[in-house]
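Structure incoming, see below.
First chain written, first letter: the chains are A, B, C, D, E and F, and each begins at residue 1.
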Amino acid sequence: MRSNGRKNDELRPLNLSTHVNKYAEGSVYIEMGETKVLVTATVDEKVPPFLKGQGKGWVTAEYSMLPRATHSRNQREANRGKLSGRTMEIQRLIGRALRSVVNLHALGERTITLDCDVIQADGGTRTTSITGAFIALSIAVNKIAEQHKLNVFPITDYLASVSVGIAGGRALLDLNYEEDSKAKVDMNLVMTGSGKFVEVQGTGEEAPYSRSELNDMLELGEKGISELIARQREILGPIADRIGTAGSRSGV
Amino acid sequence: MRSNGRKNDELRPLNLSTHVNKYAEGSVYIEMGETKVLVTATVDEKVPPFLKGQGKGWVTAEYSMLPRATHSRNQREANRGKLSGRTMEIQRLIGRALRSVVNLHALGERTITLDCDVIQADGGTRTTSITGAFIALSIAVNKIAEQHKLNVFPITDYLASVSVGIAGGRALLDLNYEEDSKAKVDMNLVMTGSGKFVEVQGTGEEAPYSRSELNDMLELGEKGISELIARQREILGPIADRIGTAGSRSGV
Amino acid sequence: MRSNGRKNDELRPLNLSTHVNKYAEGSVYIEMGETKVLVTATVDEKVPPFLKGQGKGWVTAEYSMLPRATHSRNQREANRGKLSGRTMEIQRLIGRALRSVVNLHALGERTITLDCDVIQADGGTRTTSITGAFIALSIAVNKIAEQHKLNVFPITDYLASVSVGIAGGRALLDLNYEEDSKAKVDMNLVMTGSGKFVEVQGTGEEAPYSRSELNDMLELGEKGISELIARQREILGPIADRIGTAGSRSGV
Amino acid sequence: MRSNGRKNDELRPLNLSTHVNKYAEGSVYIEMGETKVLVTATVDEKVPPFLKGQGKGWVTAEYSMLPRATHSRNQREANRGKLSGRTMEIQRLIGRALRSVVNLHALGERTITLDCDVIQADGGTRTTSITGAFIALSIAVNKIAEQHKLNVFPITDYLASVSVGIAGGRALLDLNYEEDSKAKVDMNLVMTGSGKFVEVQGTGEEAPYSRSELNDMLELGEKGISELIARQREILGPIADRIGTAGSRSGV
Amino acid sequence: MRSNGRKNDELRPLNLSTHVNKYAEGSVYIEMGETKVLVTATVDEKVPPFLKGQGKGWVTAEYSMLPRATHSRNQREANRGKLSGRTMEIQRLIGRALRSVVNLHALGERTITLDCDVIQADGGTRTTSITGAFIALSIAVNKIAEQHKLNVFPITDYLASVSVGIAGGRALLDLNYEEDSKAKVDMNLVMTGSGKFVEVQGTGEEAPYSRSELNDMLELGEKGISELIARQREILGPIADRIGTAGSRSGV
Amino acid sequence: MRSNGRKNDELRPLNLSTHVNKYAEGSVYIEMGETKVLVTATVDEKVPPFLKGQGKGWVTAEYSMLPRATHSRNQREANRGKLSGRTMEIQRLIGRALRSVVNLHALGERTITLDCDVIQADGGTRTTSITGAFIALSIAVNKIAEQHKLNVFPITDYLASVSVGIAGGRALLDLNYEEDSKAKVDMNLVMTGSGKFVEVQGTGEEAPYSRSELNDMLELGEKGISELIARQREILGPIADRIGTAGSRSGV
């Protein structure tokens, strides 16, 4: 039995609210246990310089934690004058993951920025950000689709993310901070609605892991992600039916 | 009649929730109409270098807006690598205002940092931050007082803040963004529970204002602030009775 | 009696020299007692990006202290790699104050930058900068008016600034550093030739102040500013007559 | 057949020279095909602040590319004033990977910094850096062991890294730049001499991948890494025999 | 004949005023023609970390131009967030030159910082800064010598600097901006009272120069510097007699 | 006799290899004794903003040392977030020196950037960089000349550089690190194939030097540079014959 009485393959309670910001084109507030993230999606009718004139769009993300999202207060990155390596790594991951399920040509010359701001952190902030960002993105893309009468709905598949790990000799799903800090192996998975991998990132800094441990973690992750995607479908309601109708994504 | 049907001397609806963060020593979520701010108070058992060995504490503040707190998205200051002049001006104001009602000697060699993060902005983010920060500060100070059995409760008076302005030829209380952007004069007031001024900051960049206009604004502000302080008393409950028992503040 | 034998409502000796820089479109060297500031006005025949194509101009200011302007040497902001909050606050104030008396449409698509460099500081550097900058600005605007045969003289009124405070239980005009460091309340006033307020900024970090103390300070300030404006008129000579002929300012 | 006539499971030609820097405690120059990296190991007899007084050491890495390591010249990060997200991600990876095979307690209170400078880039610069850095690290650790007569040799296992990917429908080992830019999936593997995983990082931004494709890539990677480790053993000569005698690593 | 009617070997008019700053331990205002520099010397009773505990002192310099010291306004380095290469080169030169005539052991564990702020620039700002800084330094060192009853006066020789160049086929002394911008060769010389070289920096970016042209420039420079040193002696009055009594400088 | 048995006027062994980088338009690896520098020349078919539309090109340089190029490891400038004064001074020198032998009009609207990366440092890194950069530049310019059928070959003369100094009472040519750190005077010379000076930079921070010492150093430098230029001719082969055919350089 895990702390909080969860089973090894059990997710933390998930709460989702959409349309939580009056200005953003898409927004969601997501709680995975005590991890709380606010995600807004902003649509900008232009693309970054490296994409100009190519007839396709861009999806990118920024990630930040409020100073007191954690046990002890963290200095703001704005005060240090630069982003930490951890922040950059996470926001690159979120953007890359979301782009894997967006047909950038169908999106047209627009940029969607997902701002993932962690209000409170208790493990799994990057995976929770991805799961939430997919919802905010879908709402924003739907708004574009309706306003601009796009022929094709640009989101090609569902996408969610979860962490898995090895702690106390067993594979665990969706680690909270306490479990994470004791884990010997830490893995983040991002998968699509069709069960394919978008990201597999497993680190055994404390202890290298075997092929069979890797397989155990992948199985837990697949189970958790399919549950998360079921919840995404539910909250997206009618938008859910449009996802994946675009066929496969083209172009980066 | 103002937009939203408010009278000239009427505050926007105020919502307050305390203890909204599981790690912070004090926290409050405050809504003034559509302006929404999360404030956490962090206690650190040391003081900045310039105060070392003087037997007294420090209170300071940081202020930030989430990128999509506003109509159009703002670039994060962490990305620009520095704080804007506006941010610095606001956080200096918040810290200074709070220190005016804290007996820093009674606080002892501790620093309390108030993080004011604007979740959504609709005018008056700095004044709302101050009103909220006073509550988070009081909760955190009360926790210190209980843990360390302080002889004197270090908060010497109540403190709240509101904006006033001149728009369409009349003085208005608590301007929202739409009113603020049309106002010819913009004034922020910070006052104590005993009705004294801590900050008067009135700017007539668009149109200089007369002594009688100044007086009209000061009167509206006094009314609004006394209403805000009544609400602070209410939500602080038993802590409220300890405020002001320390006598006047000594030292900076 | 104050140190140096001044009366409570007495300004420090004021010295002014104009045309002190061979390159600048306007320049003034101003001494208020031992506070010494060099101000240059630079005219640039373009406007910042946010004003492009609107047919109007801009007035902005920068403020800096030489490292040894003060008792102990201050590190240069260029070495720290960023401006302090204090510097940004002051230069925003100077720019805003000057714009309140400039008809930006009459100025045309030009930017005037006022550089206020404090050679020696003894209290009141920001107010002295504003009083001096108005002169440098007027000289530079006059040069533009003559070169470009403007129909309307873009400066709509006089502008000067002074500090007031409460120290030792009495309201004092134009505090020097020694008085300022003992003052319980510190207020900066910016007013026009027609006696209206452009900025009222009063801070009672050490001790909140009453409405009647506020009134005392405002009265001292009005007296001091009218004396400063009389001196501005004198030194501007023939330019003085053109000020205010433009009628009220339009636009930001 | 691949460009250059390699088989799908064939590494590029590997060249290694050690002791290429007269000052560094360990150094290696490594060529994987046209990718050329210079790695130096620097031993510092102290640890970073967060490790002080814990009786254990630290291993960290820095990564950089010379401006003309690539087809077109890249601006130096020293000129941009900050490290890119890519650089930070890579150097965090290298350091983490190396620490997984170092017994930090056996190392004692010392820091070893691996500087990986890419002289020429043709795909796989991060994996080549890891494979080379392990050699430079081993030489430096051996020097410490000899000088300080350590009881235990602090390196617990071999470590090497290679990239794999899916391109043109097949899994490929050790992609060069041309192959990498066409690959739909890009995976970096870091493994130990005992065949365990230290890092699995597979990204399908262009096209999500199935579990069976993941398995194909893992197998290619295992083969490649075991060949690289054989070459490491060879070049390390007598040092090779000491690796892994320390038993499992303890502590971060 | 040169513009302004100077002869080829003629300095511009030199004006010097000392004690121009009420706070600094030494100060001088120097005008070489239209080039105007304010120099203050600040004494700090400690040394930089790299000199701690060695029983000797340090002399360093900072250099800056006011934004409108030049024909067109320059952006402040504090706004750009870093010093330009030109500024760094100049302040390194000034510090190095001054240290060449200071016995750092006789100075004791103190740092003297020379701030050279160019009020107006018309060529030769770095050489004028050095000539002026020597005076401010001497005044400050004399103050230390008197307060601390130093056995040995730490300044070992006089020091002054001038620019020379080749323009229109002739060698010229002390170029103003107009001459400098037309010169094919630009050389800065720093020499001691005993006629030795401390710095020879001659650049022929526009046109390489011959050994005989080099000799012509050195001769002009020697003449100019001996005239400048005569003026330094004069203004330093009784301090002048103490210079050089320490014997040769020891130690960096 | 010097350490290593060199005579006072003897250069260290010089090794040169060209075409060491597969991407750069010109490249050279140069060893002067134990000082090792990799130089690449990058051609960019545009000019910096200040040269736009003037029909001429630009040559510029960047200089950097690998962290372990020296006895003890240096922090990377990319980590410190800015270039040191030393680096800026050196790269300004290299660029300026090279431009003195390039006819920028004949080059056309192109920029050539010389990247000088010091792999190992043992004194004379800036002079070795210049000597090597001239070779890389010549190769790159020759490539342009062939591709664009330039009428005039833009390099007007040879260029090389060496250090000289005074140590132990004698003038020495081409100091290594050990000699340099003991030298009382340190001088860098840059000269052309026709024996003219491009840069003379001699610093006597430790001990001012006399005119006759200056002459001794200049003579050693002339001898050393003529030997270096002989080696440049040799390695450039057929390109060597085109150098200087353009006549004198016009324009900066």
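Methods note: a contact is a pair of C-beta atoms (placed from the backbone, for glycine too) under 8 Å apart; a residue touches a chain by one contact, two chains touch by 3 or more.
Owing to the predicted nature of the structure, the values given are computational and were not obtained by experimental measurement.
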| item | value |
| --- | --- |
| Number of hops, subunit B to subunit C, where each hop joins two touching chains | 1 |
| Chain pair showing more contacts of the two, E-F and D-F | E-F |
| From subunit D, the most remote chain by mean C-alpha position | C |
| Mean-CA-position distance for subunit F and subunit C (Å) | 52 |
| Mean-CA-position distance for subunit E and subunit C (Å) | 35 |
| Chain centre separation in whole Å, for subunit F relative to subunit B (CA means) | 60 |
| Sequence positions of subunit F contacting 2 or more other chains | 81-83 |
| Chains listed in ring sequence, where subunit A comes first and subunit D follows it | A, D, F, E, C, B |
| Touch list for subunit A against partner subunit D, complex | 82-86, 88-89, 91-92, 96-97, 99-100, 157, 187, 191-192, 194-211, 214, 218, 248-249, 252 |
| Residue ranges of subunit B touching subunit A (in the complex, touch as defined) | 21-24, 27, 34, 38, 40, 42, 44, 62, 64, 66-73, 76-83, 87, 113, 115, 117, 119-120 |
